[in-house]
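Let me give you the structure first, and then I'll get to my questions.
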Amino acid sequence: MGAVAAFWVLSTITVGSALAVALVRDLVRAVVALVGSFLGVAGLFVLLSADFLAVAQVLIYAGAISVLMVFVIALTPRGARDNSETAMRWPALALAGAMTGLMTTVALVAHWGPQVKEGLTETAAAIGEALLSRYVLPFEVASVVLLAAMLGAIVLVREE
Amino acid sequence: MRPLAPWWDIRDLGNAVGALLEWLADVGAPSWLTYVVSSLVGMLALLGWALGSQLFFIWAERRLIARMQVRLGPNRAGPFGLLQPIADALKVLAKEMVTPRGADRILFWLAPIAVVVPAITVLAVFPFGERMVLADLNVGVLYLAAISSTAIFFVFVAGWSSSNKYSLLGAMRSVAMLISYEVVQVLALLSVPIFVGSMRLGDIVAWQRDYNAWLVFLQPLALLGFIIASAVEVNRTPTDIAEAESEIVAGYHTEYGGIRWGMFQLAEYIAGFAVAAVMATLWLGGWTLWGLEEWVPGWVIFLAKVYGAFFLFIWLRGTLPRLRIDQLMGFAWKFLLPLMLLNTLLAGLEVLVWRETGAPAAVVLPAFALGNLALTGGLVVGWAVLLGQLRPERRPARPLLVRELGAIYYRPLEEAREA
Amino acid sequence: MTGEPLVVNVGPQHPSTHGVFRMKLTLDGERIVDCEMIMGYLHRSMEKLAEERSWTQNIPFTDRTDYLAAMTGNLAYCLAVEKLASIEVPPRAHFIRTIMAELQRIASHCMAIGTFVNDCGAWHTPLMYMLREREKVLDLFELACGARLTTNYMRIGGVARDLPPEFLPRLRAFVQEMPQRIREYEELLVENEIIVARARGIGVLPADKAIAYSVSGPMLRGSGVAWDIRKADPYAAYDRVEFDIPVGTHGDCYDRFLVRLAEMRQSVRILEQALDMIPPGPVQTPVPLALRPPPGEAYGRIESPRGELGFYVVSDGGPSPFRFHIRPPSLINLTPLPEMVRGLTVADAIITLGSVDIVVGEVDR
C-alpha cells in the first residue's frame, strides 16, 4: 500500500513538473521544473528497485544535464529567453498528442508480464557485467561519441 | 552483523533503537509503523548531529583560525566564547530579508532551501556504527556523488534569481569551478569501490576492518585528489572565490540576507562535514580502529575522524592564499584529472593482479601500499615537471642585493622563460 | 563570440583599495581593457592650509599625509626647511633620525606586505603576524615621542626630545629577534606556491617605462633599476652606515613584494650599526619658534617606504611658507597603473594595486 501511495505522489510530481516545463513563461523556472521531473523519475526508478538507475538518473540528469541547460540559457540571446507563445505551438501540440496516443496504445497492448525470474539485489553488478560483455559495442560507441563532443566543444571555443 | 546487544550497550546506538523496534513489534504495532519510527529516529538523529556539529564548529573554526593568526578569537559571549554561535544565529535571524526588486520571487525563495537539502540528504548513507546507518544503499558511493551534484544547479539559480549582474557572473564562475572539480571528485571516489569490490559503504568499512588496512595507505593519490576536489566543492579557501571580498565580482549569495544567507552557510558547513565523513569512511576506516571499537563506541571513533578531517579544512583555510579562477580550473583539468584517471587505471590493475595471482593479503597489501605511496610522490612531482609547473620563474626567488647605484637589472619574463 | 564592454567600479568603498580610491575598469569578458583612476576623495588641502601656519606648525601636517610612515614625512619636511634656512643638525640627531626612519620603514613594509598577501587571499593570517612586529615598532615610537601613528617627532634642526634611557636596550632586543621573524615570513610567504602563481608575471612594469613615469621606491627597484635616495643623495646618517639595495629583475608584483621583504632585512642591518655608532650630545639646534628663513626655495627629498618623498618649500622671508608642495610617491607611482593592469583580470588588478602600496592621504593630500 505504501508503494501505491508513493507511486501516485511521484507520478504527480513528475507529470506536473513536465507540464510546467512546457507551460511556464520564464525559461529558468522551466528548467527548475525540468529538474523536478528528473527527480520524480528517479523516485519511480527506486520504486522499481532499480537502485543503480535511480542514482545514475540523479547524477546524470539532475546533476549534469541541468548544468548543461544553465549554459544553454546563458548563451541564449536575451530576447529569445521567453518561453511564451510561438507559431510552433500547434504543430508541437499535435506531435505531443500523437506521441501520447502511441505510448498509450503500446502500454495497453503490450504484455507486461514479469521479465526476470527473480529480483536482482545488486543491479549495479549486473549492469556492469552486461555493459562489458554483451553490450560492449554500444558502450564503446558511446565513449567515442562523448570524445567527439568534447573535441567539438574545444574546437568551437578556441580563439585563433 | 553480530546479534543485537542489550539496549544499554552504547558502543552501538543501534542496539537501543533495535530494542525500541522490538518492543513496538511485541506491543503489536503494524509493520509500517516500525518502519516509519526507525526512519524517523535516524533522520532526527542525523539532523540533530549535523546542526549541533555546525554550531560547535562555528565557534571552533573561529577560535582555531584565531590561534593560527596569533590572536584570541571570540571570547566574550559566554565562557570561552562558547555562546558565540548562538549570538551569530540570533543576529542572522534578526536581520532583514530583502528581496531585490527585479528578482524572481519563487526561485529566490527556493534557492537557499534547494542548496541545503542535498547537503543534509547525503548524510544518510554514512555508517556511524555497525547498526547506525540510515540507509545502507547498495550504490552508496554513487549516491554520494549524485546527491552532491544536484546542489550545483541551485547555486546558479541563486545567482540568477538575484537580478544582479555581478551575482550572476559570480554564480557562473562558481558553477564552472564546481563542475570541473566534481569530475575529479567522482573519479577519486571511484577507485575505492574498484579496490574493494562493492559500492556499499558498510562493505567498505568491513573490508578495512577485515584486512586491518586503511585504504589511505593503499590509495593515497585518490585521497589527495579527493581532499583538494572537496575543498573546492564546499567553497572553502583556498578556493572560496564565490564569497571572496577582494574579488570584485560578488558571490552568488550577495543579495541574500538574514536566515537565507544563514542557510547558505549551513549548507557549506554540513557539506563540509559530509565530505569529511566520506574521507573518514572510505579511506580512514570508518567506525573501526583496529580493534579499539570493542571498548570505545564506534560512533565516537567515527566522529573523531570526521572532526579531524574537518580540522584539516580549517587548517588549510587559515594558511593558504586564494587561487585565481583560471588557475584553479587549469589545475583541475590539466593536473588533477589525468592523475585521477591514472589512479583509477592503477586501482583496476592492482585488483586484477591480486585476483589472478591469488597471493595472500598480508603479502600483497603492503606491496601495494609501498608501491602506491612511491607512485603518488613520483606522479605528482613528475606530472608537475612535465606540465611546466616547476619552471624557473614559477619557483620562489630572492632579489639581488647591490651596492652601487645606476645599473639596470631588468629582464622581461619571457626571456627568463627561454633561459 | 563578442560581448559588450562592462564598466565596473572598484571603490571608493571596497575592502581592498587601501583607502578611498576609485578605479573605473572597463572589462571585455574577464580582461581589463581600460582603467580610469579617480582620486581626490581624501583631499584636505594641506598645501594651502600650510601657507597659513608657521614653519614649525606645519610638521603635524607631514604626519598626516603619509599616515603609515609619519616619521619619514616629518624628516623630509625638516630636511627641506634646514636646507632653506641653512641650519646644521647635531650628529646625535642624525643618528636618531636614521633609527626612526628605518623603524618606520619596517613598520610600513609590514603593513604593505601584509595587506598585499591579504589581497592575494590569505585570510589575514600573514597580516596578523606582521602586525605583531609593527606593534613592537609602534611601542618603541610611543616610548620615544608619546604617539604611535602621528608622531610629530622631528623638528627643524633635530628631533623634539632625546630618547628615554630604556629606548636603546629595547631597540637592541627588537633588532636581535627581528632577523628570525623575517626568516619566518620568508618561509611562509616567499616559498608559497600560490603566491608565486598569483603574483609572478602580474602587473609588469619594464625598467624603461618605470624611469619614464618617474616612479620611485620599491616599485622602481622591483623593475630592476638600482636607485635609492639614501645612497644617491645621502641625508641623516646614511653615508656612515653600510647597507645593500635589493633589486628585482622582472618588474612584477612578486618582485616588488620580494624587494620590500629584503628591505626590511637591510633596515635591521642599518639599525644594528646605528645602535653601535650613536654618539651622545644635543639633539636639536636651537631654532627660534617664529622661524623666518631667508627668501628662496629648497627641495628636500628622502627615501620613504613608498618611494621618493620630496618637499618643495618656497620662502618669502615671512613666518609661513609661501609655497608648500609635497611630491607624493604614491601619486607618482600610481600613474603607470592603467598600463600595468591592461589585459589582466579584476582580481589581478587588485593585487597590482596592492603591490603599488599607496596611502591615499599622500595621493590626495
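Think of it as A, B and C in the order they're written, each chain with its own count starting at 1.
Definition applied: a residue touches a chain if its C-beta (ideal position, glycine included) is under 8 Å from a C-beta of that chain, and two chains touch if they have at least 3 such contacts.
From a predicted model like this one, the values you see are computed outputs, not experimental measurements.
Engineer: Listed by label, which chains are in contact with subunit A and with subunit B?
Structural biologist: Correct list: empty, since no chain touches both.
Engineer: Most remote chain relative to subunit C, going by C-alpha centroids?
Structural biologist: Greatest centre separation from subunit C goes to chain A.
Engineer: Measure off the straight-line distance from the CA centroid of subunit A to the CA centroid of subunit B, and report it in whole Å.
Structural biologist: That pair's centroid distance is 29 Å.
Engineer: Using mean C-alpha positions as chain centres, tell me how far subunit A is from subunit C in Å, no decimals.
Structural biologist: 63
Engineer: Rounded to the nearest whole Å, what is the centre-to-centre distance of subunit B and subunit C, using the mean of the C-alpha atoms as each centre?
Structural biologist: From the centre of subunit B to the centre of subunit C is 44 Å.
Engineer: Would you tell me which residues of subunit A are touching subunit B in their complex?
Structural biologist: Per the touch definition, subunit A meets subunit B at residues 1-2, 26, 28-29, 32, 35, 39, 51-52, 55-56, 58-59, 62-64, 66-67, 70, 74, 121-124.
Engineer: Which subunit B residues qualify as touching subunit A in the complex?
Structural biologist: Its residues touching subunit A are 32, 104, 106-107, 110, 137-139, 142-143, 145-147, 149-150, 152-153, 156-157, 160-161, 172, 175, 179, 182, 199.
Engineer: Within the complex, which stretch of subunit B touches subunit C?
Structural biologist: 65, 68-71, 165, 237-238, 244-249, 317-327, 393-413, 416
Engineer: Sort out for me which residues of subunit C touch subunit B in the complex.
Structural biologist: Listed in rising order, the residues are 6, 8, 10, 14-16, 25, 30, 117-125, 128-129, 132, 190-198, 200-201, 204, 206-207, 221, 223-228, 231-232, 244-252, 254-255, 258-259, 262, 266, 345-348, 350.
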